[in-house]
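Below, subunit A partners subunit B and then partners subunit C, in two separate complexes.
Right after this comes the complex of A and B.
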C-alpha cells in the first residue's frame, strides 16, 4: 500500500542527521588525534574507563527498575481517572521537566547538601548532618526523578487503551484480582512497558554536569552581592 | 490496592514538584543562599524584567521548542503510519535506526551532529553554519524517536477494522484518517509531542554543541551561569515560566471541557436510545 511512503521523509532525515554523523564519529574513533592515521589506540583506551562504565550500567538498571515499580501503579491510577482529569495529569507530570535540568539539579543539591535545607533542619534539632549527597543513592534519586515521567507516560498510554470489559470478563470467568492483573492487564500493557524501559534505560545520565565546587559557587550568589 | 496506588500517585506528584517549589521559594528570598530563607522580597522579579537579554533567551528557547515539536510530531506520526504497514524485516531495521539517537548518550549525538555541521560548513566554504537552523535540525532529530515510540504502541492496540468501517460508511481515505485513525492515535501523539516540547525546552547538552553565537537558548546560557554564581533573578524567571505554563495548561483544560460539554448537549439526546448516560 501507498501508506508506506509516509515513512520516507523520516528515513531520509535519520540517514542525514543520525547515521552519517555517527559514521563520522566512527571514522574519528579509528584515526589518530594528531597525525590522522589509522589506529586502534582510542578503542583500547576505553579499558581505562571500564569501572565507570560498569557502574553507569548498574546505576541505570537500578534506576529503570525503580521507575518501573513506582511508575506502573501511578500510570494505572491515572488511567482510572475521568478522561479530562487524565489529560490534565498527563500534562502535570511533564510540566516539571520543562524547567531547566541544571536548575532542578541545583535545587536537589540545595536540598540534600551537607549544609542544605534538610541538613539545616537536622542540625537545628541538635543531630549530626546526614550524608545525603555524593553517593550512589543520591545518583539513583536524581535519575529516578528525571526519568520517572518518561516511564509513566508510555505506561499510561498503553494502560488507558485497555478495554475495561476485558478485565470484567476475566473477573466474571472466575479470575481473582491478582490473576486478572497477571493474565489480562500486564500482558496488554506490555507495549507501554517496553517503550518506557527503552526511554529510561537508554537515556544515560547527562554526562557532563558541572564540577563539584562550582555547584557550591553557583548556589551562593553572596560571593559577589 | 486501588487506594495504595492513589496515595503513591499523590506522593509521586509531590516528589516531582519538590525542586520547583524550592526554586519558587528561592525566587522570593532576599538572602543569597538558596538553603537559607532570610526574608521576603520581590526585587528579583524587578531585576529580571530589567534584563532584556535574558528575556530574549526565553523567546529563543520557546521558538525552537515549538517549531521542533511541530515538525517532529508530523514527521514522526507519518513515519509511524508507514512503519505499521511494513514487512517484519524492514520494520525491525527502521525501529533499530529509531533507537540509535535514544541509545546514544546526548553528548555523542551532540558531538556527531557538530562534526557533520562542521564538515558541511567547510564544503560550503562558510565560516560557521552553526545557529538557528542547525539547532532546529538537532532538536527535531532527537525528538523524532520519542514521537514514534509513543505513537507505535497505540497502533499495536488499535482495531484495524475501525478504519475499514469508516471507509465502508463512505469516508474518503483522507477523512477516515483524520476522523478515525488520528482520533485513535491522539493520546500517543499528544504524549509524543509533550515529551518533544519538554526535552527541547530543557535540552542543553546537544544544543551546547550545535548552537552558534548568534542564537543561544536558555539552558545553554544557564550552563554558562554555573561557571559563576547564579543570580537569583534566574530563579524568578523559572518561577514565572512555570506559572505561565501551568496557567496555559489549566486554560486548555477548561476550554476543552467546555467544548466537550457542548458536544454532549448536541449529540447525546439524538444518539442515546434509552441507554444509560
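Right after this comes the complex of A and C.
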C-alpha cells in the first residue's frame, strides 16, 4: 500500500498503449475517414461484412468444440499416468508450441496442397487430387492443430488437481464409473474447460484467413503478427 | 447374540515385491466397534481399503454376510467410508454433500430432504446447509463426512484415521461422539488408527497389527492387561519389559530374584518376556529383601510423577502419585497379579528399557508419528 508509486510505470504503460489507442479506435469509428465529421456509416457498414464475421465465428466455435472433444480425453489420460510419464507427455504436448506458427502452418500446406504430399500419393494411384486446401475444413484442421495444446494444458492442470480420493468417495457412495465422471470429475474440471475454451475460442479470430487463402497471404499475415 | 458380518480369509496384498498384508484372518461381528491399531505402514489402511473395495487383494477372500464380495465394486457394497482428510466434494455445499448418496440412488427429493434434515440434527450441523465445505472447520468437515456416509444406512461404516487432523481437545470430544453415534445407529464400525488411547477408549474389539500381520485380537482390557508379545506391550501404553525365566507355574525369575505370578503353561525354565506396567509398581522403603534401585530422573506429569529407577543398569519407568527425589535409594513391590509373562517373540529385546528416557517422550513419539504420517501422504 505504501509503495503505490511503484505502480506508476505500469499505469503509464497502460495509458500509452491501451487506453489511448482504444480512444483513437472509438474516435475513428464514429468519424468519416476523409472529412472527419461525425457519422454512423462505419457502424452500419459492418453489415456488409456480416457474412464473413459469422463464418469466422462459426469456424472458431467448431474448432473449439473439436479441440475440447479431442483434448479432454487426452488431458484425462495424461492425468492418470505416473508423475514421470505425466511430465514427459506434457513436454510432448508443448513441443510444437516452440516452433514458429508459420512453419507449422506451412508444413500443413505442404501436406494438403493440390500438388502436396497427400495429393501426390492420391494422383500416383491414378485418382484425381482431393480438395484438401482452401476450404473451411482446412481452416478448422489448421486451427485445431495449432490450438489443441492451449486446450489440453488447462484441462490437464484442472484434472490433475482433482483429489483421487474424491472419486473413491463417489464410488463409495454408490456411483458407478459413469456417474462418478458426471457428478464429480466433470464439475470439478469445469475451471479447466472454461479456461481452455477461452484460450482457444478467442485465439483463432485474427488468423481466420490462414490456409484458406494463398500461402503468400499466410506468409504476409504471419510476418505482421 | 452378535453374529459374524465380515470375514477376511487369508488376505495377502503385494505391491510389487512389497508384501503389505501377510495372511490376514479376521472375523468382524455385527453391530460392534472394531479398531485396527498399529504403527504407520502396518497394513491397517490397506485392510480397510480391501473391505471398502478400493483395492483387490493379491489373494484371499472377503465375505460379507457369508457371501464372497472380493470382486464386487465399492458402489455395490453396503459399506460406506469416512476418509482420512474427509474427501468432501468441494463443488457441493454441505446439504448436497450429505444428499449425494441418496441422489445417486434416485430417492424422491422430499425423502432426501427429510433424511438430510435428520442427519444434520444428529451431527449438530443444522443451519449449515448452504455453507461451502471449504468454509467449515476441521471438526465440522468431519461431521459432514460422517453424515454423508451414515445417511445411506450402510451395514458397516469404515473410518480411516478420521480424527488424525483434529487438535487434541476436539479429538477427545469427537471420540465420545463417534462412540455415541455407533451405539445410536447400531451398525458395525471398523476404525483405523495409530493412536492406542483412541483404540482403547472407543472399541469393543482391538486388532493390533504390525508389518502386515495381526499380532493380537481382543477387548481393550485383554490387550492392555495381557499383551501377546513385547511389541503389543510396548505399543499399547508404557511398559517395562524384562528378560525372565519361567521356573515353574506361578513362579518367574528376573534380576536374580524369584517372583510369584499368575501365569501358567510354560516349559520349566523357559526364557520369557516379563511385562510390568509403570502404574502397577509400588515404591517402598529400601530393604534387602526387596528389589532396590536408585532414582535417576523425576518428571511431574500432572496426575502422577514419572520416576525413572535404575536397577543394576536397567532403567524402569514407575508412575506414582508420591514424590521421590532424584538420587534416593528405594525398594519396589509388585503384586503377583501385575506381573505379565509372555512367550518370547521376534520382538523380544527390542523394547521396554527406559535408558533413553527423555522428559519429552510423549512429544517425541508424537512428532515421529506425525513425520511418518506426512511421509505416507
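Keep in mind that, in the parts below, the second predicted complex is superposed on the first by the 185 of 225 C-alpha atoms of A that agree within 3 Å, B and C clash if a C-alpha of one lies under 4 Å from a C-alpha of the other, contacts with A are read in each partner's own complex, and residues count from 1 in each chain.
Quick note on the criterion: contacts are C-beta pairs under 8 Å (C-beta built on N, C-alpha and C of every residue); 3 or more make two chains touch, one makes a residue touch a chain.
Everything numeric here is computed off the predicted structure, so don't read it as measured data.
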Partner chain(s) touched by A:147 [first = subunit B, second = subunit C, both, neither]: neither
Most subunit A residues touched (candidates subunit B, subunit C): B
Residues of subunit A that lie at the interface with subunit B and also at the interface with subunit C: 188
Interface residues, subunit A side, partner subunit B - complex: 1, 3-11, 13-14, 17-22, 24-25, 28, 70, 73-74, 76-78, 80, 84, 87-88, 90-108, 110-111, 113, 115-117, 120, 145, 148-150, 152-154, 156-158, 160-161, 177, 188, 191-192, 195, 198-199, 202-204, 206-208, 210, 214-215, 217-225
Residue ranges of subunit A touching subunit C (in the complex, touch as defined): 163, 165-166, 168-176, 179, 183-184, 187-188, 190
Complex interface listing, subunit B residues touching subunit A: 1-2, 4-6, 8-9, 12-13, 15-20, 22-23, 26, 31-36, 75-76, 78-79, 81-83, 85-86, 94, 97-109, 111-113, 115-116, 119, 137-138, 140-141, 144, 146, 148-150, 152-154, 156-157, 187-188, 190-191, 194-195, 197-199, 201-202, 204-205, 218-219, 222-223, 225-232, 234-235, 238, 241-242, 245-246, 249-250, 252-253, 256-257, 260
Subunit A contact footprint on subunit C (complex, rising order): 52-54, 73-75, 79-81, 83, 85, 87-91, 100-101, 104-105, 148-149, 152
